[in-house]
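Okay, so chain A shows up in both of these, paired with chain B first and chain C after.
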Partner chain A sequence: MAYVATKGGEQAIDQSERFYHALKGNVTLEAVQTVLETMPYLVDRVLGEGSLYAPELAALALVQSGGDLYEAVLLLRAYRSTQPRIAYAQPITTERMTTIRRISAAFKDIPGGQILGPSLDYSHRILRTDVLEGGAVEPTPAVDLADQPAPRSYPLVADWERENRLLVQIPRANNPTNPSDIPDVTRDPITMPAPRAHRLQALARAETGGVLALGYAGMRGYGFTHPTVNELRLAYADLEMVHPISGEPFGVGRFRMSQAEIISSGGGGGVGYKLGYTATMGWNEVKLIAGATLDMEMNQAEPHPAHTEDFVLYHTESVEASGFCIHFKLPHYVTFASGMDSIRKVIQAEYPASKEGYTSPEPSESTKMVTA
Partner chain B sequence: MSLKELAHPASDYSYAFLDAYAKRELRRRILKGIALPGAQIPYASRELPIARGWGTGGLQATLSLISPHDTVKVIDQGADDSVNAANLRRFITRMSDAKTTTDTLQATLIQSRHRIPEEILTEKQVLILQVPDPEPLRRVQSDMAKSREMHADRDYGQMWLVLYEQLVRFGDYVQGASYPVMVHNRYIMSPSPVPRWDNPKLHQAQHLTILSAGREKRLYAVPPYTNVYPLEFDDVPFRVENQRGWVCVRTGIQNKFMNEIPQADGSSIFEVSDTGYVSKLIQRDANPATGTTYFDDEGSFYHDGYLK
Partner chain C sequence: MVAPHYTDSEALTHDTFIALMNALAFPGRVFTLPTASTDESFRAIADTLLDIETSYYTPDAEWMPYLERSGSHAQTPDQAAYWFVPNRLDLDLVAQASVGTMLNPQDASTLILGCQLSAGQTTVWRGPGIQSTIAVQLAGIPEQFWKLRQQMIHYPMGWDAFFVEGNRVIGLPRTTLVQE
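This part shows the complex of A and B:
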């Protein structure tokens, strides 16, 4: 290894990192498996924001960072950027996903039915303090199996709305887009206005809390949209690729994904309803509903300043936002000194009488005249 | 000869961390930046194992240019031993096997946060500045789509208005670091937040400067021998920080950019910010070569008449 010319700095950061790890558990396979099994929703959030579908790696990142979400996402993203892009998967259609939860707030019942699926929505949020007592704990009863298995897939609510002329028909593409032609926010420079692909990709990997804050502001009244949830889905999607020689599609795995559409007639010009959309890897319902609301807000002709595409996409980027925020811990004494030089000059000009510095309560007459 | 001998040894990461596609993209963007001095060139900006905002833009430029034959100097606020500089240096050498130095004269690549060294850089050296905010127009236009149009139209009136308002309110320019400059009489550029002391060093420099903002995904460049002028009105000249009379407690010299260190008794002491230069001055016995500096011992800048 090359000669490294340093003094105290390197030793200090080495010790600091050791100290951090000393205050949390060891990074072990067992710890990773425990996180994977007991906290799938946390893992989903991290892998979604990390934009890398690798639950084991997401769990490892959580264990390695001691549960610091921003650090965990950064670990995943940094790993992701070392991985080559070897091929593109086939598009996944909503109809073909194995849907296990699918609800619509727009109608009492929908073709295919409302499927409640796994949810804490109607749970009583009561802490199970008995677990801490250490006594025998009743395990949660298993789910009763239905007599008839539910169908794997369901029609789209939006299709019914399109048939009934509530939504604009989408022309069916005869020549599906070549996947490598789709703009990729992780490989392209981003410029505004962003292509729709960039916007949806950015929302898919956006930070949940940031999307919620901006989306909630829109819902609460700083926007145009009352987000009626047209359809929310949690699903397992089969990933298919086309064999490079035989041209036959083949399955390469299955992953958890979720998507939400919100429907609104508010703003945006034109008549009828519009859809806002967000999809993400993993199951993350809060982010989906807030993200779909933001998608619609960004489409407004004159969105609230906090709902322009520029504002939303830049400020919900987890790694960039958190990185910049914590960078203010770095020394800034050169820039501070440069600013201090200017401020001293101004203070000297405004308070020329005071030799000791900034003690006079009133600016001088000459400065008053200038500023008046 | 076997296939194994011909192949690169297996490794977990590409040389210098970035894969070949990322390096190619960066090199192309850098070339474009050199061709358009001062223009912000968007790039994809990969995530690195360093937090965003901690020098990932400079790091990507460094990693795309580095070879094992390079000698790298990494500084933060002028200091080689700052913890963040140490961390970046550790990462660069771990991934590239390049040599490192604290001596500005020995370095082929210098990655820096917020400072340009005091010794005059040469044609054989590349300076890479880490940039938090590449957009000098942000204070007058926060929407990046609109500021891009302003650059295209050379629509810089509002920047002059900012300076004018400062003159009216305070009687002088009150911009600290990151004082905007006009590059090649075309683009207004943020010289990264270097102190005003370092701005003139970019003008007609022998070396190439690459400025790279990883988080904001923009890079730009000042090629060698390019005109770089601070924004200033004819009758109110731009001024570097006034540190006249400040004497470095470690070396006894004056007229280099100083850190001011507050003392318990209310006074201040001063030390030269460029630690690589200081360490050479202190080791006078070992007789290390020191280069000519941009500002001489009397504080005169090496391009006569540039500072009015």
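This part shows the complex of A and C:
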């Protein structure tokens, strides 16, 4: 990356930054609160990609960046990197999550039943232009309360499938894993093949659009997997810590998380279904289904080149990808001048007649020989 | 609304981090830590750099309780990420400092060394972050320190160091060439 250091132009840079801020709204507590209350799915997306569960900070990042998602995720990750790690939370199990949506496209009668939860899956999507005209908007009727509250938790569909030998059994770990031994993609460089932990962490904070693009390519036929959503789950998980003195677990809060499992019988050899998985902080169904599909594609013995582990993990990394892309705006004068010098030399040597007004000259005999 | 409070201790570690960052960016220049003594500086640097996922080494047992407050764990000299040596630097120990690997040069040690600035031997530093050269005076560093450093550093492998006296700090990244 040979770009020269930018010197001078400080006043222009200062004015440019002011101009940028002048063209977007003020960063106020009120604006942050509005984003937090009215755009929970956007906030979820940013905090998931930022790998920092802090809805207030994600909303602030969105307001501060004028809604530029890449900037918002960058701000959140930069803030995250300044925070010391003070303790490890207890593992979270699916069975203990407070689940408010749990559906399966594989079986209708899954153990515990289909819980539709909050969704637009079966609704018409119509832009409410009447709002812009100030017309009276009827408030959406509140949810009718059920006679009996729904259960807080639901069993895993995959557990039922394992009991029925449709899926391979996974041995339960007897010894608890030491949290500090778990590879951490936020601190370690990724090497290939990536540890399972790195892959799932990278998918959890991957850029939603990137995951969708690659996952969708697989679904359309560039991959081996026709995904069946075995289970899609939106939940609140309790964050528990162990008290440093008493050794007793205690709750420190609750956070929105979501996970998806897809199954497929295609590819990879062996009898029975294979399972792909993705989980993320916040609720982000598109990313989960695409991510779980990619998880399965990456498991193929010979995946499509765009579905290998290093292709997927490197190219869905939001901050690195967007940062590398926009760095090309910065001055590359030396690189360009070097290339241009070479081209000028070639033009002068090979096309001497065209010094004035260069218009698609015929190549000379020597060039023809070289290119032949 | 839940907001993280910018506490006094966070402000201290923030300012300390900025000073350390600038010290490594501009080797040989003196930067000021938000502290009043060498001991306070070592405490502030420990608060800034250590957490539950880092390791430290110190030959000075008196410092261990403080360094462990952060959850950081003691390590042998060749494994520790951060060295805290407020005084009496032992050259045999420095020879054990981790230089990282070609694949993971960031695994190298960072040495935080107490010494006297603006006294003792003058060395001439050059390299990235230094306009031509800069003369740096340090006392309390063993005589063979520079030779050993030169032997150990094979960029990108090699260790980085901070020299601390009172509230002043000088950074010495592995990229700097030192002439005695």
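By definition in this document, the second predicted complex is superposed on the first by the 344 of 372 C-alpha atoms of A that agree within 3 Å, B and C clash if a C-alpha of one lies under 4 Å from a C-alpha of the other, contacts with A are read in each partner's own complex, and residues count from 1 in each chain.
Heads up, the rule we're going with is that a contact is a pair of C-beta atoms (placed from the backbone, for glycine too) under 8 Å apart; a residue touches a chain by one contact, two chains touch by 3 or more.
Every value quoted in this text rests on a predicted model; they were computed, and no experiment measured them.
A.B. asks: Residues of chain A touched: more by chain B or chain C?
C.D. replies: B
A.B. asks: Classify the contacts of A:Pro84 with the two partner chains as first (chain B alone), second (chain C alone), both, or neither.
C.D. replies: In the superposition, A:Pro84 contacts both chain B and chain C.
A.B. asks: When the two structures are overlaid on chain A, which partner does A:Ala349 contact: first (chain B), second (chain C), both, or neither?
C.D. replies: Only chain B is touched by A:Ala349; chain C is not.
A.B. asks: Just chain B (first), just chain C (second), both, or neither: which does A:Gln33 touch?
C.D. replies: Only chain C is touched by A:Gln33; chain B is not.
A.B. asks: Of the partners chain B and chain C, which touch A:His327 in the superposed model: first, second, both, neither?
C.D. replies: In the superposition, A:His327 touches chain B alone.
A.B. asks: Check whether A:Pro189 is in contact with chain B, with chain C, with both or with neither, and answer first, second, both or neither.
C.D. replies: In the superposition, A:Pro189 touches chain B and chain C alike.
A.B. asks: Taking the superposition as given, does A:Gly339 touch the first partner, chain B, the second, chain C, both, or neither?
C.D. replies: Touch partner of A:Gly339: chain B, not chain C.
A.B. asks: Please report the chain A residues shared by its interface with chain B and its interface with chain C.
C.D. replies: On chain A, the overlap between the chain B and chain C contacts is residues 82, 84-85, 187, 189, 191.
A.B. asks: Which residues, counting only chain A, touch chain B once they are in their complex?
C.D. replies: Its residues touching chain B are 1-10, 12-13, 74-75, 77-78, 80-82, 84-85, 186-193, 308, 310, 314, 319-320, 322-327, 330-343, 345-346, 349-350, 367, 370-371.
A.B. asks: In the complex formed with chain A, which residues of chain C make contact?
C.D. replies: Interface residues on the chain C side: 1-4, 14, 17, 50-53, 70-71, 103-104.
A.B. asks: Which of the residues in chain B come into contact with chain A in the complex?
C.D. replies: For chain B paired with chain A, touching residues are 13-14, 17, 19, 21-22, 41-54, 56, 76-78, 80-87, 89-90, 93-94, 97-102, 113-115, 132, 143-145, 148, 168-178, 193-197, 215, 217, 241-243, 257-260, 273.
A.B. asks: With touch defined as at the start, can you tell me which chain A residues reach chain C in the complex?
C.D. replies: Those in contact with chain C are residues 29, 32-33, 36, 54, 56-57, 82, 84-88, 180, 184, 187, 189, 191.
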